[in-house]
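Chain IDs A, B, C and D follow the sequence of writing; residue 1 opens each chain.
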């Protein structure tokens, strides 16, 4: 491998200090992006460790509410990734996903949720390098943003604010 | 021990602040930055304005019966090695601190008699409610702001009714006269202010006298329990009365006597808690059975139940006590302006039709 | 003018009622500022029908929510219904989603000059008891606690009415009254409130929704009043299978509930404002949907409830739209 | 549920950067986990036995294996737990190799991530349900798309096995690129001599139905039961009647039609049979050049045809075929060298492509097998071959190696010497790629026995000088500029994906890489399968390939089909959507969005309609699940509760 290979262009290993606490959930379609993440692994493309991947059959399975739920309940970042448009294993699942994800992405900031914490992307099973890039960039973005302040405490009872105006 | 004090309008906040050092204090307050916006009871915080000018949107029920309360917490503990043996540890969450609700209204306090019957008077005593109830005092306002939707006098109460209250608040031209009605309430008034002067006392007495004479509402509930039973099967009546119902939970959630609750266990992994939360008989899930059958599948059955519960089942079970305090909140908040007085009032008309 | 319209409505309904299963309209209620829906099968009740700025309820939802229709056999006669401009869009959306077929409804279209928000009246005349309210030209005349107030109608119209682009019914069988002029013809006017919030820093937006949604008591009035919240009793906010929400009333639950409502309405909401009108805690819940409506219009050029043959944009796709 | 967790060391692959022991001991503290251990190679026979032993010993009802990617070994472990009596869907995998140990060296962070992934897997498993397949019949007919050598091999193998085969070829003849070749490397045997009999076999086997001049219109269905619509393009000749006598071609007055088969080196008639050995040997009219079809008065062919086969009114027609499996063998196209301005961008008649030279060499070619140059028909004396034209060149978007050019240049250079012993051949090359059996020896023979001069270096420019071409380049071994004057320049144009490969992939619901080559399921272990069950790949449609590899893949794909067709039924995938009729609100949105038409209305008592999933048609994408507002339709094994459980574990 030459010096311009993706291996060496990857960031240095994250130190324990800046990975601590940051959690990113990734919803990856089984056919493309999960495979892409596998390919990245097989190629030993170094990536930050913050991402936890949930395998879904297709981005068409992605209800925007999974993203909303994750962000509302305190995930620091949410990454959705599937097959490139026109390459969907199910032909059109990602076409549905694209509209839904984009609508959510535009909607989140209106509710006061930083839309940079949510990203959707298309990575094929062969694009290990692209996956590394996506994960690395997104993780760096989330680290820059820091922990998700969330929308409020997850108490069983009324929150403090709910006892009246603040 | 002070029996009666005068609080000038501009001193109210400092008095409440003092009071809040003696006891957990709840006051009616604006819930939104809009003087005509929704109001409700909230724990006192210094500087927080008391919303005395009208009945609160939400009743004071939540002081004794929070919308959601954690009854207990539990945790499974696993043996480090023989993981098979896990033990359950349960943490009881009963707690009740001395509490004063300052600025209650007679209807709200009267509503508690219904809750008491259910939660405290046996045969099954609910420790959570009962402990809080025992520890809670009510400073009740002689109510001069009744409106066209109030009907407390029709259901056994009245705007100056002090039954169940521990202190009486009379709002005068320039302040409040607060009078302890029970022994336990007297010490609360110590060092809070001076006794009212004679003229103010006179004005207060006149107000009480005048308000006591008011008859608020003209609903005749006599015989409604029986009339309800006759109407029970008459679907047409209920179609006619409540077809516009949306089956939402507003009426039950704002109602001070609605006490229905649901209990759910919420667990993640090995830890969890048991929650008790308000439920509403207006909801489909309220009577949904595990089999999937629902004895009250539509809003007609559900609304009928609400009326029946308040004006027939409770009175028949508890010696004529009505399950309604006449506060009128359900009428005021109903999105489609359903008036329970009409529904109850018409029960007796032409029952055989 | 209102009175003429009322008489015309009565006459039209009288003629139509024999061919109808029932007529859904508005009638006066115990609250002078709001009507209540009425379901008429008996011709004697026709005279109770009213119209005008107090008729705030959107009646379209009753067509699909039990039991209004549950007992009606398939081959039953059509149902008559009064719809304002915004209500008619809900009706279009319901026809589009095949919840009701066009030939099952006889639509009495009512051009609308705006409906009254009782809260705005309360802000003006105080919280004293409103004894009566009438409309005289462009004024609302209120008798409250012995005082007569004369308020410009414009000042007490519901928020959604101020940016209304479709005051006239999109579909109808008969039109009652004179065609109304739209108050808005631009996205800027219609979505003025959305833009105002959007122009604030994100921290303020979050704080705004935290303080607004915190009041939510999860009574589900917003959901049940929504003509397009067709899940109703099966709403995932209440089920445990699947379990999206707990009974907790913390902010996350409330946020997620309103996200559910909003996302399920995305591309379907016709902006009738019922969710906001019915909220006992005065939370601007329609604003949430308005934002999504704006997104749908800007992103996909779609506005719900205008075309009975349209498809809600999130239920379809276009492979070519690479720019989104 | 009683759950067992098995954490794989994978030798040092995982254990090198993940504390697998700690992962196992942490797992023991999760709800329902009653047994957890780590193991050297969990996928090994003893590793699987350990799982099976633990299932029996600890009464496990669910198993989590934290190891490699589930795309790798999920089937392995599912079988293992099934053998021990568990339902195969009571199993979950946590990917702690590809997604953890192989992508970072921070042992602490990796271990923490592995623990999280195991926690998520356990959380999901707690919501798993046993799922059961149902069986459905297999239609034992095969569709082969593409009639090149790979497709022919696959079709014949299956036909020999007694299966019905439908072959669809876009051109009017089968044989593909190989039919155009003169000889083949490294044996120099005649291409048509070895391919011809196979082509004839295709036409003669009774159980092969050949649709030439046809394309795939649409494909629906699923493994075992595909419905294929085939568009038969109008040839204006009734092939049932045509005897291939060639009289029409002889008499056709339109003599300047494009000669596609000869790569534009000759001229064809508007009605023709592309080459003498063509299968099917049927004439077709090239509408572009036919006088009659272009409104001129002609119709000569129709008049001379002894069997009245010519039909100027013919239209495209659609036929429908039912098949159980599909082999895609659509081959490749050759790079268009006009992209290279420095080589003349196709302007010089004596700068030709390798495949054109192949036709020149061919005895049935435009020059009858005599090497002449296209410009003036002279015999060339100096011939230059240039390799890697459209290969290994990122500047034209073709960074990959075409794999065959080095070899066919050597072959063509050798043949040139055979034909013209006095000629000189020069080869400009970047590297010589000759890894096949006897390949390197072949290239050496070209250099040593046949005196072909190999010059390592890229050609910078080709330009005319007089009636000859000047080839300027660098000899990078000698470090000098070289200039060769040549009579003929042959560009070894590279391999690119077949035109229209993307559109076909979309019809087949298979994926393709950025160059348009179809994606195999696994680059090593599943080289002829695609991710769509029942669809297999053969030949260069999957990537550049030489003839032996294409034939091998054709046979490989055929064997996959035969093992599929060895069963009368196949098991359905139970990971399909399921409707809870109780919560279904009959809104029909699932029906609207389903890409497969797998959901329909079901009428219950009282006329109430509810959605119903056809489990054999459902492919398990879950669009319905994401769309259903009350979540009444749930994709089994990826239900809301299962996904939420994983999310909740992370949010906790």
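Please note the rule applied: a contact is a pair of C-beta atoms (placed from the backbone, for glycine too) under 8 Å apart; a residue touches a chain by one contact, two chains touch by 3 or more.
All of these numbers come straight from a predicted model, not from anything done at the bench.
**Q** Counting C-beta pairs in contact, which chain pair has more, C-D or B-C?
**A** B-C
**Q** Which one of the chains is closest to the middle, using the mean of its C-alpha atoms?
**A** Per-chain C-alpha centroids ranked by distance to the global centroid put A first.
**Q** In angstrom, rounded to a whole number, how far apart do the mean CA points of chain C and chain D lie?
**A** 55
**Q** For chain B and chain C, let me know how many angstrom lie between their CA-based centres, rounded off.
**A** Roughly 31 Å, centre to centre.
**Q** For chain A and chain B, let me know how many angstrom lie between their CA-based centres, rounded off.
**A** Going by mean C-alpha positions, chain A sits 46 Å from chain B.
**Q** Find the geometric centre of each of chain B and chain D from their Cα atoms only, then give the gap between the two centres in Å, rounded to an integer.
**A** A distance of 72 Å separates the two centres.
**Q** Spell out, as numbers or ranges, the residues of chain C touching 2 or more other chains.
**A** 211, 215, 232, 234, 239, 244, 248-249, 314
**Q** Name the residues of chain A that each touch 2 or more other chains.
**A** Residue numbers touching two or more other chains: 63, 69, 73, 86, 92, 96, 100, 156-158, 165.
**Q** Where in chain B do residues touch two or more of the other chains?
**A** Residues 31-32, 67-68, 266, 275.
**Q** Which residues, counting only chain A, touch chain C once they are in their complex?
**A** It comes out as residues 63-65, 68-69, 72-73, 85-86, 92, 95-96, 98-100, 102-104, 106-107, 109-114, 149-159, 161-162, 165-166.
**Q** Help me check something: in the complex, which residues belonging to chain B touch chain C?
**A** 31-32, 34-38, 53-54, 57-58, 67-68, 147-149, 239, 243-244, 246-250, 252-254, 262, 264, 266, 275, 277, 280, 283-285, 297-300, 331, 333, 335-339, 341-342
**Q** Considering only the defined contacts, which chain B positions touch chain D in the complex?
**A** 76, 78, 80-81, 83-84, 268-270, 292
**Q** Quick check: in the complex, which residue numbers of chain C touch chain A?
**A** Touching chain A: residues 194, 197-198, 202-211, 214-215, 244, 248-252, 255-256, 259-260, 262-263, 266-267, 288, 291-292, 295-296, 299-300, 313-314, 317-319, 321-322, 324 of chain C.
**Q** For chain C, which residues are in contact with chain B within the complex?
**A** 29-31, 34-39, 57, 62, 65-68, 70, 119, 122-123, 126-127, 129, 131, 211-212, 215, 217-221, 223-225, 232-234, 238-240, 246-249, 274, 277-278, 280-282
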